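Look at the two complexes coming up: subunit A is in both, with subunit B in one and subunit C in the other.
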Partner chain A sequence: MEEIYKILKDLRPEFDFTESEDFVEDGFLDSFDIISLVSTIEEKFNVKIDGLDVVPENFCSAEAIIALIRKSGGTI
Partner chain B sequence: MDAVFRNKRISGILAVLPETESYFDDEIGNYDFPEKQTKRLKKVMGFNKHRLAKDSSTASDFCVEGLNYLLNNGKVRREEIGAVIVVGLSPDYFLPQMSNIIHGKCDLPQDVLCIDMPQGCCGFLLGLMESFMLLDYMKDKKVVLFNSDILSHKVSKHDRNDFPLVGDVTTVTIVENDPEGEEIIFRLMADGANRDCLKIPAGGFAMPSSAETAEMVAADDGNKRCLDNLHMNGAEVFNFVQREVPPMLEDLFKSYGVEQEKIDYYLFHQPNKFMLQKLADKLNVPYEKLFMNVVENYGNPSGASIPTVITHNLKQEMTEKTYYCCLSAFGSGLTWGAIVMQLGKMDFCKEIETKL
Partner chain C sequence: MEKITGKEQIYQLYLETIKNRYKYSNCYFQPDSMEEWLKADRITCYSSEQALLMLVNESDYLKLFFYADDFEWVHEIEKIKETSPDTMVIEVVTRGEPGDYDFNTMIACRAVVTYERLRSSGIPSESASQAYFYCTEKNHKELRNLMDRTFMPIGDRIPTDAELEQFLVSKSVIGIREDDQLAGFLIFEDMRKTSYVRMICVNEAFRGKGFGNELMKSYFSIHKDFKSFTLWCKADNRPALNLYMNKWNYKRENLYNYIFII
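Let's look at the complex of A and B:
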């Protein structure tokens, strides 16, 4: 979990992601941030995220991001 | 719609480029986003530089420059031309139509058929379809197909979602009959219910341009644009492409017995590097067979994307050999489709730069 928050903090340092219940709804992540996040996750966890999985609901919380990494074959 | 064409070929492609190149790094200050956040997109999306037409240049200027180049260099003769087709969304005027402007400025014979077709990203596919159909009635004549847009004039320079993507390129493609031409498989799909995903709201009869439509406002996504500007809902378009294009292609291959491993090149529309990588992954296509380098060199040239992929990456190869190719495009409309055909042994395949 900490690893994900670190990535998010690096992406958008102006926000405290631990305070948000929905990163997308709260405006912490826009569609371009999600694309940047996909790229970072793929590099860091050596996974390929399916294009169909690049949807807001998979990036709305740290738990959702972890579930996506696992679904994509990554270990976290 | 599906169709199968026979005995046709593309005998030449010319890309006409504006001389102005603008660099993403120099534009970052125009956007109201943290620099670090914006710079991340450079690598992921493939932003680097793009070609921009001058404010005074119109789409027909590029078409005329391109056709005159071909006429003056003996690549096509006036008496060989049976039809002029102009595909694009940047007309000089509501009236007269683009094809007639080009016809007049290039002094073409009176029996040349002039057709305009408003279409965006799938403009090359649609233009080829129309060319193939016309050629059944033209025997020895050729079709001159123009794909031309100047969408940079319609995008806010303060819109980070849209401006880095646009690129102004015009292509001129010569299409003709060929008794030895092999089967060409064509498919085009539409989803008008989601037409607003890519839109220029003002400027037509539904909402004429006015002082109000020209007023720049801060949008919810943090960008500044007005109703006269083009806007793309990037997330929706991305999801549409990932959802519709791979199964459409897989079904096309299956329906017509296309052996995917025999395809030499996948010549796709060029929205951005990220979207193309995801498509290549989904289709199990090696990256070296699916070029993704047009956005970083020119921007996304709308309907001219596919011919620009060809002239940028395969200009020499396309004049020497023949390749089995899958062309695919997707975007405004929403529209998506593909053509599977042999490409090569062209009389010319090149780029020229203009002062426009």
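Let's look at the complex of A and C:
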């Protein structure tokens, strides 16, 4: 979990992601951030995220991002 | 490239395409936009093994979206234009220079306008203003007149009448009056903690008198609880960029939106 929060903090240092219940709804992440995040996750966790999974609901929380990494074959 | 007909066939092809994650794409929309375009008969598709092109009919031009592994498809554009002669617009967002997406190096197609995104993460100290009012449907016509003569139909994201109506209903348009005229207005879009300035405009008759600053002050005064503020500004508009960065604490994000016209 800490690893995900660190990635998010690097991407958007102005926000405290631990305070948010929905990163997308709160405006912490937009579509361009999600694209950057996908690249970072793929590189860091050595996974290939299915294009159909690049949807806001998979990036709305740290738990959702972890679930996506696991679904894509990554270990976290 | 093969023209794809049939809404169901287009949608299935689109779903297969996004699943495969092509190397290059300017499709930042979600599948529900695709469904709307299909429903409204606004979309035409062309496909090859390496690419999927989608032409979406805007009122004055066709917007071209692509998923591709290379840029061979750009050489097919002339053939497509024989059957769809409208102006085509390609919009790409990149970090830094367009690089792989520089269509000028592939075909005679230049970026007619470039926007860059700025972000601020705090309320500036000078942010108290009482000068503004919330525009309502009564102001629709004068807002429309002012935005239509100030902004470009391609690239500037001028709201449609329906969108403007929605902005007015949600109290997302503030204005300033002077001499019984609309001196300027600002449209914003909020997402909980983040606010985005969609459009700011000062009537040409009132420029240079500080109305732009008043609008920004007013905007911040009603967004005191927000944490992040974004806007897109034309990359060659130095005075505006300097003002946003020096006076309103915005910073460059190195995110650029290039608009190419074919």
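By our rule, the second predicted complex is superposed on the first by the 76 of 76 C-alpha atoms of A that agree within 3 Å, B and C clash if a C-alpha of one lies under 4 Å from a C-alpha of the other, contacts with A are read in each partner's own complex, and residues count from 1 in each chain.
Here, a contact is a pair of C-beta atoms (placed from the backbone, for glycine too) under 8 Å apart; a residue touches a chain by one contact, two chains touch by 3 or more.
The model shown is predicted, which means the values in this text are computed figures rather than measured ones.
> So in the superposed three-chain picture, is A:64 touching just subunit B, just subunit C, both, or none of them (first/second/both/neither)?
Neither: A:64 stays clear of subunit B and subunit C.
> In the overlaid three-chain picture, which partner chain does A:11 touch, first (subunit B) or second (subunit C), both, or neither?
The first partner, subunit B, only.
> Return first, second, both or neither, reflecting whether A:51 touches subunit B, subunit C, both chains, or no partner chain.
Both partners, subunit B and subunit C.
> Which partner chains sit in contact with A:32 here, subunit B, subunit C, both or neither? Use first/second/both/neither.
Both subunit B and subunit C are touched by A:32.
> Intersection of subunit A residues contacting subunit B with those contacting subunit C?
12, 14, 30-32, 35-36, 48, 50-52, 54-56
> Looking at the complex, which residues from subunit A come into contact with subunit C?
Per the touch definition, subunit A meets subunit C at residues 12-15, 20, 25-28, 30-32, 35-36, 48-52, 54-56.
> For subunit C, which residues count as touching subunit A in their complex?
Touching subunit A: residues 15, 17-21, 28, 30-31, 93, 95, 117, 119, 121-122, 190-195, 227-228, 230, 255 of subunit C.
> Would you mind writing out the residues of subunit B in touch with subunit A in their complex?
Spelled out, the residues of subunit B in touch with subunit A are 34, 37, 40-41, 43-45, 160-161, 221-222, 234-235, 238-239, 241-243, 274-275, 278-279, 281-282.
> What residues on subunit A touch subunit B, complex-wise?
Those in contact with subunit B are residues 11-12, 14, 30-36, 38-39, 48, 50-52, 54-56.
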